[in-house]
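As structure tokens, here come the structures.
Both of the next two complexes hold subunit A, though its partner changes from subunit B to subunit C.
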Partner chain A sequence: MPDPHISVTLVNELNLLAAGLFLLATFGLVATRQVLDCVALFAGQSVLLAASAALLGHEAASDHLYAVAAITIVAKALLIPWLLRRTASEAVVARREISQVLNIPTSLLIALGLTILAYFLAAPLRAAAPSGQVGVNLPIGLAALLIGAFTVTVRREALPQVLGLLSMENGAFFAGVAIAPDLPLFAELAAAFDVLVIALVMGLLTRKLHERAGSTSVADLTDLREE
Partner chain B sequence: MIAHLLYNVLQALVVLLFAPLMAGISSKLKERLQSHRGPSVFQPYYDLWKLFHKDEIVSHESTWIFRVTPYVVFVAPLFVALLIPVLTDYPLFFAFMGDMLGGGFILALGGFFATLAAIDTANPYGPMGASRTRMVGFLAEPVFMIVFFTVSVVAGSTIPYIVQQRWVHPPANFFDPAHVLLMIAFFMLILAETGRLPVDNPSGHFELAMIDESKGLEYSGRGAALMKWGGAMKFFVLLCIFLNVLVAPWGLASSQSFTAVLAAIPLVLLKMVLCILALVGVESSFAKLRLFRITEFLGAAFVVCVAALLIRLMEL
Partner chain C sequence: MVLWFILTLPLIAAALALWASRHRTVPGGVTVLATALQLLLALAVAARCASGAMVTALPGWVSCDAFGALVLALCAFAGFTAALFSIGFTRRATQPMEAGRVRRYFVRFNLFLVPVLAVPLLSNVALVWIAVALTTLLSIFLVSFDQSTAALEAAWKYAILTSMGAALALFGVLVLYWAMRQGGAEDFTWSGLAAAAGAMPPLLVKTAFLFMLVGYGTKAALVPFHSWLPDVYSQAPVPICALLSVVETTTLPYVIVRLLPLFPGKAGDGAGRWLLAFGLLSAVGAALLLVQVKDLKRLFAYSTIENAGIILTAAGLGGAAGYGSVYQLMNHALAKPFGFFAAGAALLFAGTTEIAAVQGLGRRSPLAGAALLAGALAVTGAPPFALFLSELSILQGGAVDHRFLPVALLTLCMVGAFCAVLYHVTRMVFGRASATGPLPAFPRSYALALFVAFVPVVLLGVSLPASVEHLLRLAAMALAR
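Coming up: the complex of A and B.
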């Protein structure tokens, strides 16, 4: 049997690693130019969220968190990317050069600034938190939330905006699994289903948009009148 | 003490002798991966042999800088090889003469002279390649700096022999997010610094598109051989820093005996071949970036290592 102290630090380090890569995937969502890569990054981000939930579940011996991990994998890493690819039309998904309001290095620097801000915002909460893992998950989750909101503002295309929105939701969950490990399972299920429906509706909407307007660029959709 | 001095010289010799082999293996693997047969892995040695036996032509317009540069480019990586762990995981004679920052400066000196020499001859392609290399260099510099800062925050030192022990004692440290993010960032830096594919195409023969290659166009004979050999050694040294210092000191000799140090040579080479395989995989699956997209590539590397620093600073 391994030394319990070692195994706890290993879980800690792995959770930190999942958090670091989660942050990296969130940065990737801001900086990627191709829609397909954005979708893949979102799936990866969800897998990392599930990994963190499973690790916390292992530490707290909580079945809830294992269930959260399973739900996340099924809903966010498999179903949503599949749904988005199916519902949004080929031309939207295969877009290679997405335009942004700000250029990519600037957006990345702003995302870095948001991360630092998240650490400062989370500092008083971390001081009050009892468990060690809250200190890891809370600021990173908050950062993903802020960067997701930033993605929504800075992207000009509909589908990446949806992914920004979903990444905000992932960030909230990432902080949530550490703060409230015993959230009723029903709430998790409801949230996962909610997100699924959002993705479906948004996907269908972008498809219609593309059929009607010939583009999903939000910048062109400033008025509602038909010409 | 004498043994340590001897091993240190042995390290420099390993870099000197095996650097062309690694260059050969790299190009062979790349060709194989793209379903070509490729030249023999010993081709760089034949090239060097041929070049050393050819006449050297030096332009009347050039100054002493042009003549000195091949020697600087050739010697700089050898000095770095004295400072970093190539074969052993305990400090050798010169280990505390300079840290990673010092090694970075010595390598940069070679690059600086190569740039000056490219401008010196007034060949139209030289200055263009030189200024592009400088552009990539300026963008890579802050990433190097942040990598060193992170290393010094995490390991409490930038002496490579101390840093390498940090990642495996205790073993859980290997999964330290700062460590993993550093590895990703440094891998991207190696691609940029050695002129590999997403940034530069080393096998391209079109002068207008060259970044790194066009600096050496004016050299012939012995000068060209030294530049080529120096470039191969720079690649070898960077791989050593990446694999032995930043990844983990696996496969390095940990006992003082001479046989253990000799046995480390094939293990280190094997590690390098595996890393080159990854590099070649990246090279074969990406297209070359447009010149102004290089900012984004290195900006991403910068963000990755700042994230490493941030996580480490804020967690503790």
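Coming up: the complex of A and C.
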């Protein structure tokens, strides 16, 4: 059944494609064991966020959203993967996660459940303020936010946790390009700065953990548990 | 202009501390001077705001009203006392050869102060979110100063959990922007939003509020998102605990409570109920957890959670208790650094923060023992300390509005927390001295920090000057709805 909120044009079709692939990349972050592949998936997810911003910018003839797309590409698709690889040592990036809290099929099922939940949560909001591409970007962005939070809780390696965190921010901004397209550019720049600081600080902390504890398996960090 | 000075001073101090790489004493000295100057400037701003004026540096971006000035002055005061204490702390915690570690500590200390002081000064809600997120990121390496595995673990938990909260709050901020645009407004500032409150779709505002409450609530360590806080406080250096504790109980309630004017009329009750629920859960939960504590710094950590809960409960009650909320916010921010400094002095003489291992601290060092006892009384709201008056004012305010159930619960957890903290602390202070060996000298910077932190807690417990009361009344208007 065609959704009445979505008018079918080429730009919209392309945005739908970007949204679908964005969600796929988010699922990939839940399921991928190789740390290096996780970094690549995050870069891909950021490119898709930028693509959606550019497409919405094309539709609304807004230079502002083009700028957002450019900032996203530079900060998230290029600088963050580079920073993470530079700060966290080779040994960390080349790791494979052996044990997971949940096995991959269960994790993917839960992620699927979260996506459906996001659609239900987003539906009344769309009805409250129907406009343009919100119907696509809001539920997908919210789903990525929830799945990112889920990724952080189930991953047991340091870097995949950080990437889950960063994909939460990507999810918020994926919704953001549709619901807050004219957010002041200064705020967008500052937000990009913020995620760069996250990558830098967490990368350095990962390296220190690796040096000190000899492992970046966050599951081994149980010294501070209270009895 | 004065607001720009406040924001650039820590940056200058950080640069100077970095530049003076060879000298061990320069970074600390510069930091104390800069924080003292910040405090004076912040008090000047507060004095101007107490007369009802707005201090504006850049309209729509950087400005300060009474509520902002209160938070600014409290954070600046905590920064100053923590800087004083840090001098003695870094001298004791590092080897003579480790000038680099001391320098890095003070550079990070100053950089951390920038977003802390920026939160009350920024008026654009999106920028406030960024400042809050940066307060976490720039304090991570201060928490892990000790470099032990446990300290790194605490820093990791802190970073991951509060950044998750920040991402949820970001979604809330974006939805709030959407709501504002749907309401036809353009001005994404606290005052602009309050002016547009009636026109915004209520469902969107409520969704934004809940995401921001949970997101910022994680950083404020509200139960059930509190698990990181005791771990962090048990590992972080004492002056950092003092500063973090003030930041978490002033700036975070500030950004949450600032959303209340967005709910005009009946809708305000709904938002108030959410604050009440989270506030009471935190106050009661922390009071219960206080009983089983085994570590002195964790004791003060749970007391911080309890106070954050009391502040939000009072804000949620609204009406007459609203004034008590900002009053409590001020008094807790003044009392808690003193509590942590006293814990630091106790650690110095007892050699450990494990409660069961320490006895007779008062015998070994009467000053440290007296300070710890006074600190315990001050943070739990015993007379003659200031927190007693504000807790009383909240209970009275709630009772006047016939909100008897929350008032009864609050009273129970205030009394419970008082008994639990005193039970643990008296065991440490009295009795035969457990530690032996040569007595360390009481560091002058510890004594000075204790004294400076002690004075306002006692003075405000005796009487509240008219100008301060006026500032509090004006600040409380920010949460009227």
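As a convention for this text, the second predicted complex is superposed on the first by the 213 of 227 C-alpha atoms of A that agree within 3 Å, B and C clash if a C-alpha of one lies under 4 Å from a C-alpha of the other, contacts with A are read in each partner's own complex, and residues count from 1 in each chain.
The criterion applied here is as follows: a residue touches a chain if its C-beta (ideal position, glycine included) is under 8 Å from a C-beta of that chain, and two chains touch if they have at least 3 such contacts.
In this text the structure is predicted, and so the values were computed from the model without any measurement.
By the document's definition of touching, of the two partners only subunit C reaches A:Arg212; subunit B does not.
In the superposition on chain A, contact of A:Asp194 is made with subunit C only, not with subunit B. Within the superposed three-chain model, A:Glu169 lies in touch with subunit C and out of touch with subunit B [touch as defined at top]. After overlaying the two complexes on the shared chain, residue contacts for A:Ala180 are found with subunit C alone; subunit B is out of touch. Looking at the shared chain after the overlay, A:Ala51 reaches neither subunit B nor subunit C. For subunit A, the partner that touches more of its residues is C, with subunit B and subunit C as the two candidates. In the superposition on chain A, contact of A:Pro124 is made with subunit C only, not with subunit B. Legend: residue contacts after superposition of the two complexes on their common chain; A:Ile104 is shown touching subunit B, with no touch to subunit C.
No residue of subunit A lies at the contact with subunit B in one complex and also at the contact with subunit C in the other. Those residues of subunit A that touch subunit B in the complex are listed here as 6, 9-10, 12-14, 16-17, 19-21, 23-24, 27, 31, 104-105, 108-109, 111-112, 115-116, 119, 135-136, 139. Residues of subunit A that touch subunit C in their complex: 124-125, 128-129, 141-142, 145, 148-149, 152, 158, 161-162, 165, 168-169, 171-173, 175-176, 179-180, 182-184, 186-187, 190-191, 193-194, 197-198, 201-202, 204-205, 208-209, 212-213, 218, 221, 223-224, 226. By the touch rule above, subunit B contacts subunit A in their complex via residues 170, 172-173, 175-178, 180-181, 184, 295-296, 299-300, 302-304, 306-308, 310-311, 314-315.
Interface residues of subunit C, counted against subunit A in their complex, comprise 124, 126-127, 130, 133-134, 137-138, 140-141, 144, 147-150, 152-157, 159-160, 163-164, 167-168, 170-171, 174-175, 177-179, 181-182, 188, 201, 203-204, 207, 230-231, 234-235, 292.
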